[in-house]
Amino acid sequence: MSERVEHYGTIVLYLLVAVAIAFPILNPIGLPMVVSEDTETYYKLVDSLKPGGIVHYGIDPEIGGFEELRSRMIAIGRHLFAKDARIVFVGFDPNAPGIYKMLIEDIGVPKGKVYGVDYVFLGYIPGLEIGIASYAKDIHALLSVDYFGTPLKDLPLMNEVKDIKDFSLIMSFSSHGLPLNYVEQISVPYHIKVAVCVIGVMAPTVKPYYPDQIIGFLSTPRMGAEYELLIRKPGIGIADFDAQTIAHAVLLVFIVVGNLTELKRAKKR
Amino acid sequence: MSILLRTRVPQVLTSLVGLFLLVTYFFELPRSIVDVANFIPRFCVVIVAIAVGVGTITLLNHHVSLIRKREAGQWIYSIVMLVTLSLFVVVGLGMGATDRTFSWIYESLLVPCSTTTYAMWCFFIASACFRILRVRSRESLVLLVSAILVMLSNAALGELIWVNFPLVGSWIQTVPMMAVFRGLTMGVGLGLILLGIRVLLGREKGYTGGT
Amino acid sequence: MIVKGRIVDLIVLVLMFAVTYALMKSKWVPSIRKISAFDGIKEAIGRAVEMGRPVHMTPGTGSLNAMESGPGLIAGLATIGYAAEVCVSLKTRFIISLGSSDAIALADALLRQAFLSAGRPEEYDASIIRYYPGRDTIGSSLAFTNSVQGLIAREKPVANIMIGPFYGEQIALCEVAARQGAIQIGGTQSITQISIFAAMTDYAVIGEEIFAAGAYVSKDPIQLKMIAGGDFAKIAAVALIILGIVLKMLGVNLLPLLQV
């Protein structure tokens, strides 16, 4: 009997998880949530930016990680544009150019914002730590053109940014260890704190540096939903949160079933 | 190639370069020497780029041999792989990575495939939870309880049961988990230094063969 | 003379060198406690010989260049080298899958050495090594994960050895291998991924244990002494932590001194 539960249980589990995730994404429910302290801290960080402040927006996830970070990246991008911040998009992961294209469409650049004046995209900078260190030291020595081939001297925004000290806020959105490289190459040598968004599994690695080297920290898809609530622009984060909740409920039921099976097996022995 | 060339020469080279980089890191030296030290990591980037080429050749070798042998259940996928590889290389080199066609291929092929594979992990984790989160010992009970508490705190379920559930999950992640991770980080950090010392002294033979 | 802010780092490094060198020169040969994962490698390969099915091994993904994956990759290759030597000596089929292009040359050298040590260099076969593009090439290990999943499902290995840098790929690989009934031995230095190995494999190598692989399998006295040197460093670290806590409680702040 318990072997049958094991075998068919896995198949039923897969089907139920698929339905549990698909249904709320197609029909968001809007389950209640309490906004956490970490999300509020990050929100206040962005909200306190002065109009015209220049922000480094690090597009550092891989494709799979981007899907988990997407709601947070979009919400924070929209918040930055709403605060009239000027954004330098750049990535230290090879997927940055592809992700930028999708991201900028999702964020939706507000009318009146001009490329080169209000935002630029510098493309992918290889070398991981070496790339970050070189970028922090002197951007113009590292790059002469942006991703689209426009010389940096022809971009008014880039004439105001020489090195990492010219930014009002440094942000990294990553699905692997790049935030730690930011801490090593930016926070420690230049004493500038960094705001990071990471995927859930990276949180324990990065959290020890919060709040001394990391000033803002978002680590779960739930925080994307919370940020959307704070900026009053509900989006995919809310749907993701609903899907996560229902999928968790299904998993908990199966964990109980699995333990009951185990108990029965133990009694037989 | 003799054993001397295969093992000793790489070890000596590694030790010399490693020591040179350490000295330039810790001591204030003339600009010309520091420039050499800054240049060496760029060599690594070039070597990695060349290694990618070597990897591509190995990949092509393997898949071409599968196609030649008409390996059952495999050779069709090898053809698909080779066609896709060629498409990316030809379009990328010919039209440039910023070209719309290249972007379209990237968004139509790589992004959906990567996202789908990443999404599949959800099912693997679900079946792993079903298999593993069972009380078989004291340690597995601790694992089960903490996993359930963190799951409840991340989803709305916890708040529906008790409004302070997110704080419980947050405490687990901030206090005991952080303590363990800090200990592990320090241990791994010291292990890394030790491995570096072994490599510099030429005592780490694992990467040159001959354990 | 010494760069500002790095004096204490240099002192610590020199002390570690000195202690390690002194241990190397001493007559004392320490013994390492049993690491069941490395003993499990021989057991798993023995099972492969009995069942006539292959062994699958991988040192993970990542680049030798990156600090987060380079040392783990070296440690993983050391373990793979040992496992390959055992497989060759017991004449059992094995497959090495690589997710890192810069490890190809190293893995090839290890493979040649394994056949050479067994006295059968003519049996060397380059197709034992399968390279699948990983993190260092395309910034994502999904191609590697999918390919190795397919490999495991087709080849049905009886042992699955995964030691090195991993970034979540092991979830899928462990699950597929578990369905084949394979013995699984896994380990990584990546702190966030250790828990997955601990939960999903039969034998897990946790944290810095993977760096002891070379010393453990070779039983080289010099390498064993170096492991002991690392342990002394950890004891010193714990003592400093306790001292720091006591001083902090007494209101003494040594942090500016340590940042000299």
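Chains here go by letter, A, B and C, matching the order in which they are written, and residues are numbered from 1 within each.
Following the convention adopted for this analysis, a contact is a pair of C-beta atoms (placed from the backbone, for glycine too) under 8 Å apart; a residue touches a chain by one contact, two chains touch by 3 or more.
A quick note: this is a predicted structure, and the numbers were derived from the prediction, not measured.
Student: Among all chains, which one's averaged Cα position is nearest the averaged Cα position of every protein chain shown?
Tutor: Ranked by how close its C-alpha centre lies to the overall one, first comes B.
Student: Top contact pair of chains, counted by C-beta pairs?
Tutor: B-C
Student: Using mean CA coordinates as chain centres, what's the gap between subunit A and subunit C in Å?
Tutor: About 30 Å, centre to centre.
Student: Please report how many Å separate the Cα centroid of subunit A from that of subunit B, as a whole number.
Tutor: The separation of the two C-alpha centroids amounts to 19 Å.
Student: Taking the mean of the C-alpha atoms as each chain's centre, how many Å separate subunit B from subunit C?
Tutor: Using C-alpha averages as centres, the distance is 13 Å.
Student: Going through subunit B residue by residue, note those that touch at least 2 other chains and give them in order.
Tutor: In subunit B, the residues touching two or more other chains are 45, 110, 114, 117-118, 127, 131, 181, 185.
Student: Considering subunit A alone, which of its residues make contact with at least two other chains?
Tutor: Those would be 62-64, 204-205.
Student: Specify, in ascending order, the residues of subunit C that touch 2 or more different other chains.
Tutor: 65, 138, 140, 142, 168, 191
Student: Note which residues of subunit C are touching subunit A in the complex, please.
Tutor: Where subunit C meets subunit A, its residues are 65-68, 135, 138-140, 142, 167-168, 191-193.
Student: In their shared complex, at which residues does subunit B touch subunit C?
Tutor: The touching residues are 6, 22, 25-28, 44-45, 47-48, 51-52, 54-55, 58-59, 62, 65, 73-74, 110, 113-114, 117-118, 120-121, 124-125, 127-128, 131-132, 143, 181, 184-188, 190-199, 201, 203-211.
Student: If we count contacts the way the header does, which residues on subunit B are in touch with subunit A in the complex?
Tutor: Listed in rising order, the residues of subunit B that touch subunit A are 41-42, 45, 97-98, 103, 106-107, 110-111, 114-115, 117-119, 122-123, 126-127, 129-131, 133-136, 144, 148, 151-152, 154-157, 159-160, 163, 166, 170, 173-174, 177-178, 181-182, 185.
Student: Which stretch or stretches of subunit C touch subunit B in the complex?
Tutor: 1-3, 6, 9-10, 13, 16-17, 20, 24, 63-65, 71, 74-75, 77-79, 81-82, 85, 101-102, 104-106, 109-110, 112-114, 117, 127, 129-133, 136-138, 140, 142, 145-146, 154, 168, 171-172, 174-175, 178, 189, 191, 194, 199-200, 206-208, 211-214, 217-218, 220, 222-223, 226-227, 229-230, 233-234, 237
Student: Which bits of subunit A are touching subunit B when the two form their complex?
Tutor: The contact residues of subunit A facing subunit B are 9-10, 13-14, 17-18, 21, 31-34, 36, 62-65, 67, 97-98, 101-102, 126-127, 130, 147-149, 200, 203-205, 207-208, 220, 222, 241-242, 244-245, 247-249, 251-252, 254-255, 257-259, 261-263.
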